[in-house]
Each structure stands twice: as structure tokens, then as C-alpha cells.
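Across the two complexes that follow, chain A remains constant while its partner is chain B and subsequently chain C.
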Partner chain A sequence: MKFFKNKGVQSLLASLICIVLGVLVGFIVLLLMNAEGAGTAITNLLKNFFFYPGADARMKYFGTTLVKTAPLLMCALSILFAYKTGLFNIGTAGQYCIGICACLFGALYLKLPWYLCLLMAVAAGALLGTIVGFLKAYCNVNEVISGIMLNWISLYITNSVLMNVKESTSPYTLKIMATNNSALLPKLGGVNKFFGDNQYITIAVPIAIAIAVLVWILLEKTKFGYELKATGFNKNAAKYAGMTEKRNMIVTLIIAGALAGLGASFYYLTGIEQWEVTATSVPGMGFNGIAATFLGALNPIGTIFSSYFLQHITDGGTHINNMLYGSQIAGLISAVIIYLCGFVLFVKHAMSKLAIRGEENKDVRFEPIKTKADDKLEHAIKDENAKEDGKAVQEGGDK
Partner chain B sequence: MEQNKADNTPYVIEMLHITKEFPGIKANDDITLQLKKGEIHALLGENGAGKSTLMSVLFGMYQPEKGEIRKNGKVVQIKDPNDATDLGIGMVHQHFKLVECFSVLDNIILGVEPNTAGFLKKSEARKKVLELSEHYGLQVDPDAKIEDITVGMQQRTEILKMLYRDNEILIFDEPTAVLTPQEITELMQIMRNLKAEGKSILFISHKLNEIMAVADRCSVLRKGKYIGTVETAKTTVEELSAMMVGRNVNFHVDKKEAEVGDVVLKVRDVTVASKVHKNNAVKNVSFDVHAGEILCIAGIDGNGQTEFVHGLTGLEPLVSGKIEMCGKDITKLSIRKRSTMGMSHIPEDRHKHGLVLDYTLEDNLVLQRYFEREFTNAAGFLRRGNIRKYSERLIEQYDIRSGQGPITIARAMSGGNQQKAIVAREIDKDPELLVAVQPTRGLDVGAIEHIHKALVAKRDAGKAVLLISLELDEVMDVPDRIIVMYEGEIVGELDPKKTTQEELGLYMSGAKRDEVKVQ
Partner chain C sequence: MLAIIEEYSLLVQYTLIFASVLMLVALGGCFSEHSGVINLGLEGIMVMGALGGALCMYFLQDKVPSFPMLILTVIAAAASGALYSALLGVACINFKADQTIVGTALNLLGTAVAAVVVQAIKLAETGSPSDELLYRTGRAAFTNSFKIGNTVVEFNWFIVIAIIMLVIAYIVLYKTKFGLRLMACGEHPQAAASVGVSVYKMRWSGVLISGVYGGLGGICYVMAGGGSWHFSYGVAGFGFLSLAVMIFGQWKPARIALAALLFGFFRALSNVNGSITLLKDLNIPGTVYNMLPYIVSLIVLAFTSKKSRAPKAEGIPYDKGMR
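The block that comes next holds the complex of A and B.
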């Protein structure tokens, strides 16, 4: 039972339960739509790259999933970081989007090398975060409201700016490979070979993981993290203790925005995807990041794995047979699973309640740590009881 | 059984052998509480003794592991607060549960509005409320809004709420904490009236004098255990307190003559805005606090003390005025700067300001010092080892009790121990000026004695102490000087050795005022 009382174990179990629940509900949806192919469809989804017969192809598509995991992880970290300070950064989606705008503009229009494009994306995301932070700290504007509005603003800014670098015959932006090779993120040589010559694998993947670890260290080990979390838990107490809670809020959102912007460059500077300038919504990456954050139990390290899992099933969804199911099914099923993954906190709460009830039934007692005063008190009670007992005996004798 | 032989009044509510456990603590351990019909029964105990837990069990908010509850001799199941209401149990909470912008009448009928097909029939309700108010001597203005009436009238509204619902068993949770001496006398009379009408009253308190004055019997809890039930007519204050704390308590604060030194805090014409209304909450307040003295700002809750302290400590800006500490102008300095210059602040609201409840005890104990080199290295990393050592010392020295020591989450600690943690943190900072706002609120006599001693020790060490208190006993006993705040102004300066509680009450209620001059 002690094992289940461990917070880490509870988090892990809660996440796993959510995954199982999500897959189950997804399977039921498939069954309802077309019972015949449901079994194959759900296995294909879970298999993702194992769907391919050849080892090389498998590794190549595994690599692709990793490439897409990097930006998702960054978005998840963006949300997590703000969440620790008590802010819900729904603006991650917009910060990611403006990051795309900045890095592609740098790469395709200004023809800058990759590291400058990357910095532009970081700066753009951070700028958007700053706006939300200032509005929150000084005008008390709810960060969710301003975040959502900025999501739309950044979408249309992105569309109109990237209009300048689009292919003449399509709504897509120019290919980086053909326009400015120096803007592509450095590849990893031997590692690319290992992943079946997947050219999109770059330094982005290891850096994203390193950043997750850095975020963990920052939050758990430093004075800055101590202040940020204190502000998140109780901003009044943070203020009382002399922390500059307004500045902390703004700094948090700047960092969160920078992480999202960096995520955008981690993806678009690989050349794997072109931006469609007629897009009518911001990329889902920022929103999927919310699910990844909670599925990762609000832990930066956990987020690495949850981001991978979510990307795994999103990619796996494309292997569902389009003949049996509509073409949106892949998105639908992964969305169902992602949605249920958001219930992690709920499941965790239910579990800790169960664990406590289990304790009660077994009548396990937890002794509070005793202090000297407690001992004295206990002696005093014993003495009193002894006296009373003595009296009772005497009285009994009298009768 | 003995009680029944002596007096045949039947029990209306019996809680028999109630046991309720939480992880790490047995909050109620085989507790028996028997309430007779038509009696006032006091429930006495330290903080963390299990009073609240026991009442939560009675209200169906917790299910006990063992024991049973009987009403009129029949076993009843109370699964949630609705069951309790159906059984005629009502409660006046320590912090009133009233809708501020609703009228008294609206608050009373809230949830049980008389209506026909959804249309309110207020006239009917008004008639019943007026009858009840007349009958029990509970004067209220049914049309006044809650935010405009006195705390005493708010409390009468709460009592009318219970009576309107025909509750037979009335629970008062520390009802006198917010009242003036005059209002307390009134409340006592109301309780006696209610008793005369056959209502049964459970009176939760740790103010022994009040219990002696109004209660028929008193049950005492200590550390989750049932200690005993005594008839107040046959006991003394000393006996009760010994039962509650487990040892004899020194009520009087022993202190030697104050050795007053230089001015440490100089407050001049300080005006602070109110957060709730347009007028200023604090108006042109001036006074000095010297090294080696305890100055107490007395007053009824809500007369500007909170706002003044916020202005003094930097939580809110001043409208005008000047504050000097140790000869330096601190009017515009940040909270952190004031703190490092030697100001400590035990805040009024320990949950809102005093603690990060989701942090561990050790993290809370360094809340004012985490940035010092001892706890953070040059690179900005926390020095966990030092934090642990420091917190272990404070826990030992200030007797802070918790389930898991330094790593206990503050939220899981009892209110009294949370307060001890704050007091330990603020006093151990070794401040020049200690601002203590209701430092003993909600604490038991044992802990109060401990904190009062700590305040006096600071004074004797030549530091300045500014105490803001609502507790009359504390105001009379602890300080060397008293100033009274009424509606944001200082209306009098008194010498605790020469004044009486009655005189203090007159100043506090605005009936009396002097011109107070500071050089």
C-alpha cells in the first residue's frame, strides 16, 4: 500500500490508466463506425512505424515521429512552465505560430543562417508572451482571454507576412532546401543514417530533451524556481515574502513564449513542412501541448514521454484504412485519446482517495513525529489516568 | 448514566465513541459528546484537539470509522450536510456565510425561499422573521444590506437563519471572536433566551470566562481524545484550562518594567485607501514605537487595522503620510527592502499571506530568507541541506508539530501549528521591529502563552513590537501601551495598568475619544 501512496507512482499509474481509457474509447468509436476493421485500425494506430515491414522504413518513420515530438515537447514545456506559476498559457498556440512566421521569414526572405532564424523565432514567441504577461500583471487581464485573442492575431500576421515568400502556384511557402540551405538545422550525421537516412533528424531532438531537463532543474533546484512556484501556489504569500510577483509573472510568460517559439523553429527549420498561407486556424501543436503537459503529470521529464506518446498515436492514426473509415478518422481517434489523457489529474485524485481509504480499512496507523512536549503530555495523561483508576478502585472498595 | 440519575433530561444528540482518522493523525479518538435538551453545552479544546473534526462528523462532512450518532436515543446516519439540516441541526460559523450584497431578509430565506410556482412570497417570510426576531430579542433590520450592518447584527442574522429553519440544535463556532465586549454580553443573553425556549446549544470556544458565564456543562477534548465532561457550576477556570492543556497555565503575562529606548518606528499622518469603499480606511494616523516596548493597536475588527498594516509593511501603497524605521524613510521602499532592514510581519491571515500551503514546512520556514547566501548559493541553486538543518532547528525550538516533520505539506498541518511555524520564522529573523497581527488568533491557551512569552522576550531584548489585536485579554495583558483605532483614526491612548476592559470597550466602540498628540 505504501507503494501506491508514493506520489510518483500515483502519477505514472494515473497517466497509464488515462492512456488505456483513451485507447478503449477510441476503439469503441471505431467499432460503432465500422465493426469489421476496428481491430486492425486500432492496432495500426498503436503500431505507428511498426506498421512498415522493412527495418529501414521503420526506423525512418520512427525518426519522423521524433522530429515531430520535438516541437510538441517544447509546447508542452511552455504550458507547464506557466502552469507552475499559476498561469494557464493557452497562448502557446499563438506563440508557436508567430515563431513559425519569424523563422520562415528569416530563412526565406532575409536568407539568414539557421541560428539567427532560430533566435528570431524565440524572440517572436517571447514578445507575444511579454504582451500577455504585461496585460496580466498591470491591467489584470486574464491570460486565457488575451492568449486566445493573440492566437488569432498571430495566425493572420503569419499568413500575411509569409504571403511574401510563398510559391507562385500554391498557397505554400517556398521550400527552405531550394531557397536557403543555410537555414536548415544541422543534421546529426551517423544518427541520421541510423534512422534510415531520415534527413529531418537534426539537433532539435536532443536539444528539446535537454531543455526539458533544464526546465526541471530550474523549477526544482533553483531560487528562481522556488519563487515561481510560490507565486503560482499563492501569489499573496509571494508578495508578502517580498517576491516581485508581477515581474515573476511576466518573466514566466516570456520564457513560456520563448519555449513555444523555439519549438516552432525546431520543426519548420528541418524543412519537413511548408506553411500554408491560407490556413484558417493556428497549428494544433500548442493545444496538444496541454494534453502532453497533464499526461506528463506536470513534470518536465514526464512530459518528454507523454509528448512522444501523443505524437506516436497521431502519426499512427494515418495508418487507419481510409477505405473503411472517413479520412478524418485518424484525427478523430487521436483526438479522443488525447482528450481522455487530459483527465490525468482527475484519475490521480480518485486514486489517492482510494489509497487513503485502503489504509483506513486496514487500520494502519501513522504515528505523528513525536516531540519532547508530546512525550511529557503522554506521561501526564498516563499519570492522570492512573490517579483516576486509583480513585475508582478506592470508591469500589468503599461501596 | 450518572448524569441521568442526577438529572433526567433526555439527550437530544449523542455522539458515542466517535473515531476519525486521517493519514498521520487520529483526529478523533473514541470521543463521546452528549447534548441534553435545553442546555448550553460548551466544547472546549486546543486547536488541533479535534473540535472541528467532531463537528464535521456531526454535519456529515466526514464519516467516522467507529462510533454512532443518536438523536433522541435513535441511531441516525448523517451522510451529508443535508441530512444534518433535516435533523434540525444548524450552525453559526466563525466566519459568517452571508451574501454581502443581499438584504438581511434575503439571506435568512436563502435556500428555503417561500414561493408559489417559483414566485417569491417575501411578505410571508418577513412576517416570520419579525416574529422570531421579536420573540428571541434578536434585533435586525430585515431590509438592510449585510455589507452595511455591524458584525453583531450579521451574527444575529446567522442565528435567525437557523431559527427560520426551525433548527432545534444550534452550534456556535467561536461566536465571540469578532464581537465587542458589549456585543458579547448581548450574545450571552440571546443564548440564554434560546435555551429558555428549549433549544439545545453547542458552544465551541476556548475562552474560559465565556464558558463559565453561559454554559451548563462543558466537554473537554485534548489531542483528539475525550478528557471529560464537567458541570460549570462545580468547576473553576483553572481546572478547565488544566483539562484542556494537560498542565497548569499561567494566564498572566509576566514581564518586567519596560526599558524604553529610541524610536524605532515613526508613523506620521498615514492615510491608506480602502479596498471596499471609496473613503480612506486609515486617516492621518501618527504614533511612535520605541525599542524595548510593546505597543498594541486595539480595536474592533474592520476599523482600519488591516489596511494600516498593509500600508506599514508595503503590501499596499499609502495615500499620504510618512513612515520611518530606525531613522530611515521607508515610505516608498519595497516589501523585501523593509524586511531585510529589520521588519518582521506576522500576518493577520495565515492562509492568504503567511504560508504557501502547498509548500512543505521547511520551504515555508525559509520563505523570508531563502535568498540569503545560507540558503541559495552564488549560482542561484537552493542549498537544500542547509534549509533542512535550519528548519529542523526551528521545529525543535518552537515545538512545531506535524505528521512528517520538515517535509510535511503545510496544508496538512493544524491551524495552531501553522501559526507556530509563521511565528517561528518571523521571530527567528531577529527583527528590529516585529509587527504581529493577531498572532494568537485561533490558538489554544498553551500556544498563546508561548507566543506571548516570545513577544515579551523580543521586547526585553530591546526590540520594538507592534501588536495588533482584537482579543481583549491580550490587549490588557501583553502591551506596555495601548492605542485604540476606531474608523481609521486613533481615538485614544491608554495605559494597560490603569484602564479597564469596560473603558477600552467604550473607546473601541467609538463612544469615547480623546485628542491624541504625538510629538
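The block that comes next holds the complex of A and C.
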């Protein structure tokens, strides 16, 4: 039972419960829509690249999932970083979108090499983050609302800017490969071979993982990270302790925006996808990042795995028969997972209670949540009772 | 004179309908926040309300006379909005979950659920997974068209419904015991509890009422778009625009109505900028008009949020043990 007291174990279990329940809800929906194919559909979703029979094809599509995991991980880190300072950066979606705009404009219109395109994306994302941070710190504007407004603004900006570099016969932007080869991120040679000659695997995948580790170090091992977390925990206490809470908020959102912008370049500079200039909503990457953040228990390392998992089922969702079920099942499952993540604190609390109860060798029951002080009081009362019982027995014996 | 009225009639038409949407949803947010729960899930609630109402029209059109169908559609939209908002209530009131995460989840879930449901219905009926519902005949029950010069102007009865709901909101909040108690729970729940008000019940009422208003706003929004709607599109950030309207309106119904008119006007400009000569002469690209409501709301929020009169205890889960 001590096992359940470990914070890491609690987080892992809570995340697993969210996943299992989320997939279960998805399965029930599939059953309701068409009972016959539901089993196949849910296994296809979970199998993703194992869906393909050949080993080569499997590795290739495993690679593609990894390529898409990199931007998702960056979006998740963006949200995580802001959340540690007590800010909910729902604007990640827009920062990601404006990052796409900047790096594709650099690659296709200005014909710049990849590292400059990448920097442009980072700068664009950071700029958007700065606006949100400034509005929050100096004008007290709720960062969720300003984030959403900027999401829509950046969508329209992206569409109208990239209109200049679109193919003449389609609503898609020009192919980077055909227009400016130097803007493609460097490939990894032997590693590409290993993944069935998947040409989209670039330095983005290992760098994304390295950045996750860096974010962990920054938050856990540096004074700066400590200050940010202190600001998130109690703004006024941080201010009282001499930390500049306004500056911290803005810096946090700049970094968060930069991470999201970087994520955009990690994806679009591989040449795997073209932007559609008639898009009517920002890419879902930023919103899926929310799911990845909370499923990863707000830990940068955990986020690596949760991002992969969510991308895995999103790609797996494409193997579900569209003519039986429609296309939104994977989205539904990740939305359910986010909803369930709201209960994580409660679940952890319940687990702690279970662990404590287990140690007392009592029946496991659900009771109102108590504080430590309550527990102490309870113990003290119990001790008193035990003493009195002992006395009673003694007295009885005397008679 | 007639020419000028004709030129601006469409602008008025769209301003009124979008203002109705924003006002309804902002009033919903107002009820929820006055009870102490921040409702960031309004966007999702709107989608679900729209789904309920649209399905009602889709299945009843041509079968039921228009007046009963109008009533049923309104009830269906309000009920499905309220039902969906219960997900927020359970998580945030009973389980003390993070209101921001749950609200965001409801937004994502709303669009996904609506698309899945419509696709399932379409698959069963036609064998192709379309996400579009057609309710042209049903919608006709809500609208009366008339001509000004050569322009066909449409009057949507939802504008009347919105005004009625505004009056109800005002009376409930300020003139009833229930409303005053509800607002007390958002300002100082412990004080409310000490005089025997059940904070949990009040917050549940606030959330469910916001579901009703959000659902009505949702069906009103999709109907402004014409006789059919793609349900995977969502509602284009209108839930959040409504929150901006609510903040600009300082959580007061009458001011919310005025704020909604202002925002509705900017939203309407993107629909009609091609038909007004004054705007055509300015020669501003259409994208700018599309961005306008969002930019305006950012600016307005920057100037009004500083001295905001938000309910003091909003966003903080109620814990009986805390004093």
C-alpha cells in the first residue's frame, strides 16, 4: 500500500485510468454506431502502424507518427511551461499557427535556409506570446480569452500571408521540395533508412526530445525555474519574496510561444504537409497539446510519452473505416481524456486516502476527504479510547 | 432616403442577430460566474445546444406545424445545452476539478460529439458520413422576410426570444431571492452558507442556467448561417467572444446587451462589407473585417479588465471546511 503513496506511481496510475476510460468511451460510441465493426475499429485505432502487414511499411509509418509527435510535444511543452507559472496558454494553437505562417513565408517567399526559417517561426510564436503576457501582466486580461482571440487573428493572418505562395491550381501552399530545398530540415541518413526510407524524419525528432529534457532541467534544477513555479503557486508570496512576478509572467509566455512556434517549424519544414489557405480553423495540434500536457502529469518527461500516445491513436484513427464511423472518433477520445484529466487531482487524493487506510488495516471505504490535522486528531482520540478500554479491562479484572 | 435604408438594412439585420447570439451566451456566462463557476465551456455548450435544436428541426420539419416546432426547437436547444453543462457542474462543483481544463475539454468534446452524432445519422440515412444537417423548412418557422427596395431583409424571431431572455435574466438576478442568493455564492460562498444558503445547489443552478442560455445562443448562431450547418465547424470562437462581451458588460445584464450590440456590429461588418459603398471605398481587404471582432475584443478587454467587477469568489471551488 505504500506503493500508492509514491507521487510518481499516483500520476502514472491516474493517467492510465484516464486512457482506459477514454478508450472505453470511444469503444462504446463505436458500438452504438455500428456494433459489428466496433472491435476491428478500436483495434485499428490502437494498432496504428501495426495495421500494415510488411515490416518495412510498419517502420515507415512508425516514423511518420514520430514526425508528427515532435510538433505535438512542442505544443504540450508550451502549455506545460506556462501552466507551471499558473497560466493556461490556450493560445498555443495560434502561436503554432503563426509559426507555420512565418516559416513557410521564409521558406517559400524569401527562399531562406532552414535555420533562418526556424528562427522566424520561433520569433513569431514568441511575439504572440508576448502580447498575451503583456495583456495579462499589465491589463489583467484573462489569458484564455486573449489567447483564443489571437488564435483566430493568427488564422486569418496566416491565410492571407500564405495566399502569396500558393499553388495556382489548388488552395495549398507550394511544395518546399520543389521551391527551396535548402529550407528542409537536415535528414538523419542511416536513421531514415532504418525507418523504411522515411524522408520526413529529420533532426526535429531528437531535438524535440532534447528540449523536453532541457525544460525539465530548467524547471526543476534552476533558480529561474523555481521563481516561475513560485509565481504560479502564489503570485503575491512570490512578489513579497522579491520576485518580479509581472516580468516572470511575460517571460514565461514568450518562452511558451517560442516553443509552439518551434513546433510548427519542426513539422512544416519537413515538407510533409502543405498549408491550406482556405482553412477555417487553427490546426488541432495546439489543442491536442493540452491533452498531452495533462496526460503527461505536467512532467516534461511524461509529456514525451503522452504526446506519442495521443499521436499514435490520432494516426490510428485514420485506419477506422470512414464509411462506417465518420472521422471524428480519435478527436472524441482525446477530448474525453482531457475531461477526465480534470479529475486527476481527485483520483490522486483518493489514492492517498486508500494508502493511508490500507496501513491502518481498516476496511476500504470512501469518506469525506480529511486533512492531516483531522487524521492526527482521530489518532489522538483513538489512543485515548484505547487507554480507557485498557483501564476498563483492568478495572473489570480487579473486581 | 430609401436608398440609404436599403443599403444599411442588411447591416442592421446581421448586427441584431449576432448581437442576440452574443447576448444570450454572455448572459449564460453571467449566471455561471455570479454563482462562482467560470464557464469556459460555453463554446462547447453552444455547439451542443445547436445540435439539439437543429436535430429537432431536421426531424420535425414538414411533419409538425411551424409554431409547435418553434417551441419544441427552443426547448430542445435549451435542454441539450443544460444537459451538457451538467458535465461542467459534476466536475467543477462536486469533484472540485480545475475549471479551466474542464471548460476546454467541453469545447473540444462538444464539436467532436456533434460531428460524430450528425455523421452517424447521415450514415444510417444515406450511407455517406456527411457532417451537414439541412433544416431549411424548419428554419422558415423562425424567420419572416420582407422587401426594402430591392433588398430582401429577414427578421429572425430569435431576436425577440433573446430580448425576453434578457428581461428574465434581469428580473431573476436582481428582483428575486434566488438571484440575490446566487450572486452571494459568487461573492462570498462561506457567508452565504452561514445564513443557510446551499452553495452547491446555487452553483448547480448557475451552471445549468448558463447551459440553457448557451444552448439557445448556439441554435441562434447556426440559424444565422442559413438553412444548413456543418457540425465539425464549431462556432468560430463565439463562446469566447461572449465572455469578452460579459466582461465588457461588467457582469450586468443591461450593459451586456449594449456590449453585445457593439460586438455584433463588428461581426456583421464581415458579412456585408461588400454591399456598403462607404466601406467599399475604403478598400480594406475582407480578411481585416474577419479579424475585426477579435481585435476589437482584445482592445476592449485591455481597457476594461483592470478595474473589473468580477464576482470575487469565481473560479475557486467551494470547500465547506474553508473559512
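Just so we're on the same page, the second predicted complex is superposed on the first by the 327 of 399 C-alpha atoms of A that agree within 3 Å, B and C clash if a C-alpha of one lies under 4 Å from a C-alpha of the other, contacts with A are read in each partner's own complex, and residues count from 1 in each chain.
Going forward, contacts are C-beta pairs under 8 Å (C-beta built on N, C-alpha and C of every residue); 3 or more make two chains touch, one makes a residue touch a chain.
The structure displayed is predicted, hence computed values, not measured ones.
Novice: For A:290, select first, second, both or neither according to whether it touches chain B, chain C, the two together, or no partner.
Specialist: A:290 sits against chain C, while chain B stays out of touch.
Novice: Of the partners chain B and chain C, which touch A:135 in the superposed model: first, second, both, neither?
Specialist: second
Novice: Check the residue A:241 against both partner chains and state whether it touches chain B (first), chain C (second), both, or neither.
Specialist: The answer is first: A:241 touches chain B but not chain C.
Novice: So in the superposed three-chain picture, is A:224 touching just chain B, just chain C, both, or none of them (first/second/both/neither)?
Specialist: A:224 contacts chain B only, not chain C.
Novice: Pick one for A:35: touches chain B only (first), chain C only (second), both, or neither.
Specialist: neither
Novice: Tell me which touches more residues of chain A here: chain C or chain B.
Specialist: Partner with more touched residues of chain A: C.
Novice: Please work out whether A:233 is in contact with chain B alone, chain C alone, both, or neither, and reply first, second, both or neither.
Specialist: It touches chain B, and chain C stays clear.
Novice: Between chain B and chain C, whom does A:55 touch in the aligned arrangement: first, second, both, or neither?
Specialist: A:55: touches no partner chain.
Novice: Of the residues on chain A, which ones does chain B touch that chain C also touches?
Specialist: 371
Novice: Taking the complex as given, what residues does chain A use to touch chain B?
Specialist: These residues of chain A touch chain B: 221-224, 226, 229-230, 233-234, 236-244, 356, 359-360, 365-366, 368-369, 371-374, 377, 380-381.
Novice: What does chain C use to touch chain A in their complex?
Specialist: Where chain C meets chain A, its residues are 40, 87, 91-92, 95-98, 100-102, 104-106, 108-109, 111-113, 115-116, 119-120, 123, 127-129, 131, 232-234, 236-237, 240-241, 243-244, 247, 285, 287, 290-291, 294-295, 297-298, 301-303, 305-306, 308, 321.
Novice: How about chain B: which of its residues touch chain A in the complex?
Specialist: So the residues of chain B in touch with chain A come to 21, 23-26, 65, 222-223, 225, 246-247, 313, 315, 334-339, 345, 347, 352-359, 363, 367-368, 370-371, 376, 380-382, 396, 399, 401-405.
Novice: Using the touch definition from the top, list the residues of chain A that touch chain C in their complex.
Specialist: The touching residues are 29, 32-33, 88, 90, 135, 139-142, 144-146, 148-153, 156-157, 159-160, 280-281, 287, 290, 294, 322-329, 331-332, 334-336, 338-339, 341-343, 345-346, 371.
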